[in-house]
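Look for chain A in each of the two complexes below; its partner is chain B in the first and chain C in the second.
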Partner chain A sequence: MGKYILKRLGYMVIVFGVVSLLMYSLYNLIPTDPARAQLEPMKSTLKPAEYEQMYQELRSQMGLDAPLLVRYARWMGIVKDVDGTYSGLLQGEFGYSSFFKKDVVQVIVEPMKNTIFINIFSTILALAITIPLGIYCAVHKKSKFDSAVQVVTILGYSIPTYIIALIFIFFFCVVWQIFPIMGTKTAGMVYENGWQEFTDKLYHIALPVIVMTFGSLGGMTRYVRAAMIDSLGMDYIRTARAKGVKERIVIYSHAWRNALLPVITSIIGWFLSIFSGSVVIENTFSLNGMGKLYWQGLNNFDFELVLAIQMFYTVVSLIGMLIMDLSYGLVDPRVRVDK
Partner chain B sequence: MKKKVLALVLSAAMAMSLAACGNSAATTPETTPATEAASTEAATEEVATETATEEVAETPVEGGSLIYGSSTELSGDWGREMWTNNAADKLVRELMDDYGTVVSNQGGEYVVNPTIVKEMDSVVNEDGTKTFTITINEGLVYNNGEAITAKDYVVQTLFGCTQTAQDWGATYASSYLSVVGGQEYKDGTAAAVSGLRLIDDYTFSVQILADKIPYYYDITYAAATPMNLNYWFGEGIDVADDGEGCYFVGDINTDEVKANVEAALWATSDRVTAGPYNLEEFDKSSLQATLVRNPNYAGNFEGQKPYIEKLIIVKAETETWNDAMKTGAMEFYDTIADGSEINAALDLVDTGDFDYVQFDRAGYGKLQFQCDFGPTQFESVRHAVAYLLDRNEFANQFCQGWGSTVDGPYGTGLWQYKEAEEWLADNLNTYAYSVDSAVEALEADGWTLDAEGNEWAGEGLRYKEVTEEEAGTYEGNVTLADGRILMPLSINWASSEGNPVSDLLSVMLAESEEVKSVGMEIIKSEMTFSELLNYMYRDASQGEQYGVPTYGMYNLATGFVPAYDYAYNWTSDPELVAQGYNVNYLFSEELDNLSMDMVYGVESGDTEGYMEIWKEYIKQWNEELPEVPLYSNIYISLIPKKLHGYTQDSFWDFQSAILYAWVEE
Partner chain C sequence: MSNENKKKGFFLTRWFKRWFGPRQEMSALEEEQLQSPIRTIIKNFTGKKLSMFGLIGFLAVFLLVLIAPNYLEMDLGYQDSTLSNIPPTMNMMKVPSELKGNVKKISPGTTFAIGVDNDGEVYSWGYTNVAGGEMAHIPEEVQNAHIVDIAAGYDHAVALDDQGELYVWGNTRLQQDMFSPEMRQAMMKGGDAWNIVQLEASNQFSAVVTADGNLYLWGNGNMADIKVRKSYQGRIKKVALTGFAYVVLLDDGTVAYAGYKDKDSVLAKLPAALEGKKVVDIAATSQNAAAVTEDGQVVVWGNTTKGEKDVPELSSKPIDIYGGRYHYTVLCENGDVFAWGDNTHGQSEIPASVNAGGDIVNVYAGFFQNYAITSTGDIKTWGLRGYLCGTDDLGRDILTRIVHGGLVTMTVGALAVLISTVIGIVLGGLAGYFGGAIDMVVMRIAEVVGGLPFIPFAMILSAVLGSRVDTTQRMYIIMVVLGVLSWPSICRLVRAQILAEREKEFVTAAKAMGVKEGVIVFKHILPNVISILLVSMTLDFATCMLTESTLSYLGFGIPLPTPTWGNMLTGANNSIIIQQYWWRWVFPAAICGFCTICINLIGDGLRDAIDPKSAER
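Up next is the complex of A and B:
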């Protein structure tokens, strides 16, 4: 097992290296001049010679005149940066956001906290609803309730999240005025303590969480239902029932355990997705999260920020895949890696 | 065992989520009081009438709050202008930082700020330099009560004369380019900035380089705002003048000072500022800023102090701003430009809970030509394009009734336009929509042939016989057996992707029957905006293909600032052109001379002389037509009924106008 994990970790380093080089090269292929973009608004206030002087200084400061591979090596921290120090990914320096004008790590902290905060609730809530619902529908296959759930889930699955969000906003915020419409804080409120801040935040994220949950009900419910139906049709289930095993044990111990293998891929995938934000939800509800930040980074050609986010997701995905593979063994001894 | 652990984790997850659901409902605080939508139209009209009556006799009241919705997100970067800010950050910064010696007034004119300046003298020295000597009023203080002296007013200029400022990302710190001795201090060859002097506690002077003078807007060189030394640079840093000019006492290029400057840039509270409002809180998580009145504020250039106690700046989203206004989550939505959004806003006004202010955009959307190759090098073709587009209809459709057209490089919000409105109406060609005029312009210039060199028969593309120099390497040129070179009336148009202006232009111009009927062809190519800029600047460093003149027409937009300075925009100096000046590639001596004379040939204060040249410049531009102005938006800001005394204009934005407004619940 240890050897297997070490081998996988080695692969992960290689994959990370290749992905980072590819991503860096791709972004640098985009024909844009960051120095020109930064100075452009000032151009009309400068005389040409002044503009040229400032432009050249800025290019040299940004290290734009070096070849691509040198810039990549600087970004990775393999060679010295223009200021003569090693300051790249390997040194824990994730770059500098040209749009936000501060280190990428500082830019990411708050959106990441918000995204994780929202996604944890949404993921847990969705799993708490979909797994029992999927199991119930599978057990009561073709009942009226099952048919109704199939209709509702296919609707939730088919309607785009932004439509769901706008419908929910209209009813919950405008008509019934139960939830606030946007943000994560009541305007102008000065918190007296942390608990007040937490509850206010919880109140504000309630509707986005409901929308995200509603949007994700369809897929998982149907997935669990299908896996359970397959499992319940197996011979060992018939045998267990023939032996007089209690129905609850047949469902939760025999059938659910065997249905878990295909479902676990999605479940772990969901937990890993707590780091990634939703552009649609965050923009609609004016939430300061990772999806919105990523979108902003792309729109503003803030490539060091975008690259840092992508590299982070690359690492999360690689670790996630390792966990997924290991968890298969945990659930099903037949695929356990012992060597 | 492991399976049980996994099952336990899943069960715990379910339980937690249920608990969380219950919790969120139980701890819900009260929402901001929401405005109730009017239930019937009759009720709406009644409310509207009542409000109109109430507006007759009003006296300002202090206090209250206003929730301002910004279409740009706050980032918390309140650094001075030398660091630059996005629109929302700039708004907050300008609410916190005032006390400029020179400010722009309601009409966008630069004026000396009497609240700050006790006396300002200027003298042109024998060596051609110009010195502004400024005495500030005594008794001015920062928001923390600390006195403001002349030293505070030289800090920013002095910092702008250091390499450190550039190294720390203050890209726009450029005072070293205009102040005598600034470049030397920056290069380290001088110990002080000789042109920046501290005369006494309340007097300082700044000497401007000779090559900057005369300049119509030279008063802007006397513009300075106070910068608190301790707050920005920390203990141990001072500014002194031993008779040779100002210099920093202590090394500012250290990690400690850098850390202090960065902390000052991003500080979310306890900022030392001198403006109408103090930053009470910036919530990094929700990106929401709360500002409260600064009791130590002496007033703006008219002595005006704010009435509203608290301003809250939140992010407005395109999808939900309307609902946010209805529910009270947002009370003020600034500068709505889109026609459909304006109409939605007016529906809210009809409910009686809101009002609006309307103002013209200081800029316009345009078709920009490159005038040194292909068909667009000929004035006649540029004229023909203008005649073939019904600009009034275009503006009407694109802005949905909330737009207008202009006939030259100006916005209707400019003071220059207001002064010369009648003259412009009498002297400019409006290029009113007319296919006949387009044909007339083309035929008069020789666009009368077909691809074989025969008389154009009314079908296909028109051609014109051109010289070898005019032909260049333009694709589609035809060389006949007799050696004549014919150029097709085919224009390559570069458009940014996902641009609604381009979509409408395609329908109303490029693909229109009128364009085809006159023998013209406009070929649209969509690309990213950065790629469009590469083509426009002919920036071969980004790829060889960009260095080749390819597109003769671009659709872009432009905005005007109070200093109307277009010098160098028509230069023919190849080096300057390569740097991106003169992106129209129109090498017009007349335009070049007029644009230079307008600002560099007129002494400051000579408004009459300036206006004469301005009008000539506009007329010349209108004749040569390097661009076709398409539409100039009419903006509206949606404001709550409780807000009174609020006015807004192109150069009189929220942060200026809100000082005069008050709320009455």
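Up next is the complex of A and C:
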């Protein structure tokens, strides 16, 4: 097991290297010149020759003249930067956001908290609804309720999230006026205690969470249902029933545990997709989250920030894949990952 | 299936029966004998009502976006502030029945019109809630007075009663109801000094011409030239208002620009064709003016962008000319009516019935509408009837944008699926058949690509690659990005299928016969997995359409003004649009959702039809 994890970790490092190199060179396709941008305000006060000399100096100072691979290695923190120190991703230096005029790490903290806060709620909520619903539908296959759920879930995964968001805003914010439309806190509100702050935040993220949950209901319910039907059709279920095992135990112990394997795969894949899915939700609801930050960064050509977030996404997805493979072994003893 | 069962009835009814009617029960043997696998699949598919609903729904949308763009032409640069945010209506020219046969005057405004009958009663119709003014709220004193003349402007209306009193309603926030001091003096004087012969209204300003040849203008003078040079006063016979200026017809039959902004106005440069000619009538559109000379010639000058200068061949001498926002309408001596200029809303396309009788006595044209009164009092109308799905913030027809946008969205989706399928088949085929190192490498690549968060990555690619290219190239880039990012699932599917197929006897046989390996993969094995591929292509088509529209919604897909179902919804996430301008998001969202639902229904149905095991689920 330990050897397998080590092997996977080594593989992850390689993939991360390849992806980061790809992304880095992708960004270098963009015709920007930070040295010129920094000198531009002084251009009118300098003579052309002076300007040119300063420009060249600044370029070498910023290390812009080095080949792509060297610059990449500096950015990663594998080789020494121009100033002779190691300052790259590996040292925790994620760069400087030109849009927010702050270090990327500082920019990311608050949105990251918000995103995780929202995603935890919506994930728990979605799992709490889809798994029982999927099991129920599988057990009562072809009943009226099941058919209705089937139709609703097709709607759920066919309609894009932003349209679901618009419809929900229309009903919850405009017609019934239950929830606020955007933001993460009541404007100008001074909190008396932490609990009040927490509930206010909950109140504001309620609608995004509902939309996110609703958007992911469709695919997940169908997945759980299909896996359950498959495992309910197995011979051991018939045997268990023939032995007179209680139906509840047949369903939850015999069938569900065997249906869990495919479900785990999609739960983790879907957990990751929530990070990217939140770009849409956070934009629609103007939530200060990672997705919104990413969108802002891209729109304002703040590429160091975008690159850092992209690396975060990549790491999350790589770790997710590792956890997925490892959890196979935990859930299903038949799968031996270290083989 | 017996012979007499075949070819009974019209083919459509037969199809309909086959799809929706009760299914014929056949014994297992009979079914086995009669049906090839393809026929079984078709039968299974057509037997399910939900999948057929999906197929018919999708075909309907598909045909709509394929055929309708030919009829609903779209000008990408088109915008018209006077037509922004109009809700769905088709009643803009529905004249109230009380007015029929009793018309004194009709004055069309932007999306509404007002009319007055011979009894002095005022009516309004169309979409009357214009730019903060409700035109349908006719003030009480207007209702009580005996109105003799009316004029409708961009967002206000003016009425004149038989006592010489002027009433203004609608939007009055920009001084539309502030009469100038000279006017007040003239009103006090009375008599010929306030005997109004012409009443006109335009873009937030209005004008009256009195019997003694004086012109008075009032209203919003911030943009418009509403001052009159003293030298012209007392000689003015008629005025024609453009959007921001006016021209006058003097009593000696010459035309003049009487305002103060004559230095930089193209309207002030009178055309040579008018020199030495006597003008009988003038009219103006929003940008230019036209004059009819005594010898029946129509001369247009000013900025002409919509073909206002292309005067058609007239059948006889024109006597009256009327100007809309971008078109002119003339009434000739013999009762024929001609119109030219912009025809976006059909305002210069005269219906055949108008010129058939030759008995048109009066024409009222303005903005986008035309009303012709026959000698029997009948009202014939042509021009802007309304919008089936409303308009957006730039005054563009939502329906037109939906059908054009659908074409873009579907093309992008289809080509992206094609690209991803080709990559998936080739790589999956290679990995599955050859295995070993190739398999290892391909599957690792697939894992990396599949593991990338889709939307953020597509956003980056689109932002990086799309920043230097035009719209068409950007469209191709989006297709390629979607295709290149979504192949891993197809690759995995093909690989798994081929792994199962390659051990079968027919492959061994082919190998024994010395068939090349490439041929075995793509000609012998692939046809066996094509049906499953079809299912995944259908489902991927829906996904690609969704992704494209999501990207466009976020602003990283196809850029405006090219419409797609996604970017039509950009900016719709605020409460004002969601509540007040509901048609701007409901229609694109509805058709986009409906289309993807239909495609998913087809895909699900196909999967059930192909794989009977999955149908049991």
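By definition in this document, the second predicted complex is superposed on the first by the 294 of 339 C-alpha atoms of A that agree within 3 Å, B and C clash if a C-alpha of one lies under 4 Å from a C-alpha of the other, contacts with A are read in each partner's own complex, and residues count from 1 in each chain.
Everything below uses one rule, namely that contacts are C-beta pairs under 8 Å (C-beta built on N, C-alpha and C of every residue); 3 or more make two chains touch, one makes a residue touch a chain.
All values reported here derive from a predicted model rather than from experimental measurement.
Using the contact criterion defined above for the overlaid structures, shared-chain residue A:247 touches neither chain B nor chain C, since it reaches no partner. Set against each other, chain B and chain C differ in how many residues of chain A they touch, and the higher count belongs to B.
Shared-chain residue A:166: touches chain B and chain C both.
In the superposed pair of complexes, A:50 makes contact with chain B only, with no contact to chain C.
Look at A:294: by the touch rule set out above, it reaches chain C but stays clear of chain B. Judged by the touch definition given at the top, the superposed model places A:306 against chain C, while chain B stays out of reach.
In the superposition on chain A, A:283 makes contact with both chain B and chain C. In the superposition on chain A, contact of A:155 is made with chain C only, not with chain B. Within the superposed three-chain model, A:15 lies in touch with chain C and out of touch with chain B [touch as defined at top]. Chain A uses residues 30-31, 162, 165-166, 169-170, 173-174, 181, 283-285 to touch chain B in one structure and chain C in the other.
Within the complex, the chain A residues that touch chain C are 15, 18-19, 23, 26-27, 29-31, 141, 151, 154-155, 157-163, 165-167, 169-170, 173-174, 181, 225-226, 229-230, 233, 272-273, 275-277, 279-280, 283-285, 291, 294-295, 298-299, 306, 309-310, 313-314, 316-318, 320-321.
By the touch criterion stated above, chain A contacts chain B in their complex at residues 30-33, 36-39, 41-48, 50-55, 57-58, 61, 100-102, 110, 113-114, 121, 124-125, 127-128, 131-132, 162, 165-166, 169-170, 173-174, 177, 180-188, 190, 196, 199-204, 206, 257, 267, 283-286, 288, 296, 301, 327, 330-331.
Against chain A, the residues of chain B that register as touching in their complex are 2-3, 6, 10, 13-18, 20-21, 23-25, 27-29, 31-32, 34, 65, 67, 73, 75, 77, 79, 83-84, 166-167, 169, 171-172, 174, 177, 262, 266, 280-281, 283-288, 290, 310, 312, 314-317, 319-320, 323-324, 326-327, 329-330, 528, 530-531, 533-534, 537, 539, 541-543, 546, 561, 563, 565-566, 568, 571, 573, 575-576, 579-581. Interface residues of chain C facing chain A in the complex, by the touch rule stated above, are 50, 444, 447-448, 451-457, 459-461, 463-465, 467-468, 542, 546, 549-550, 553-556, 566, 569, 572-575, 578-579, 582, 585, 589, 592-593, 596-597, 599-601, 604, 616-617.
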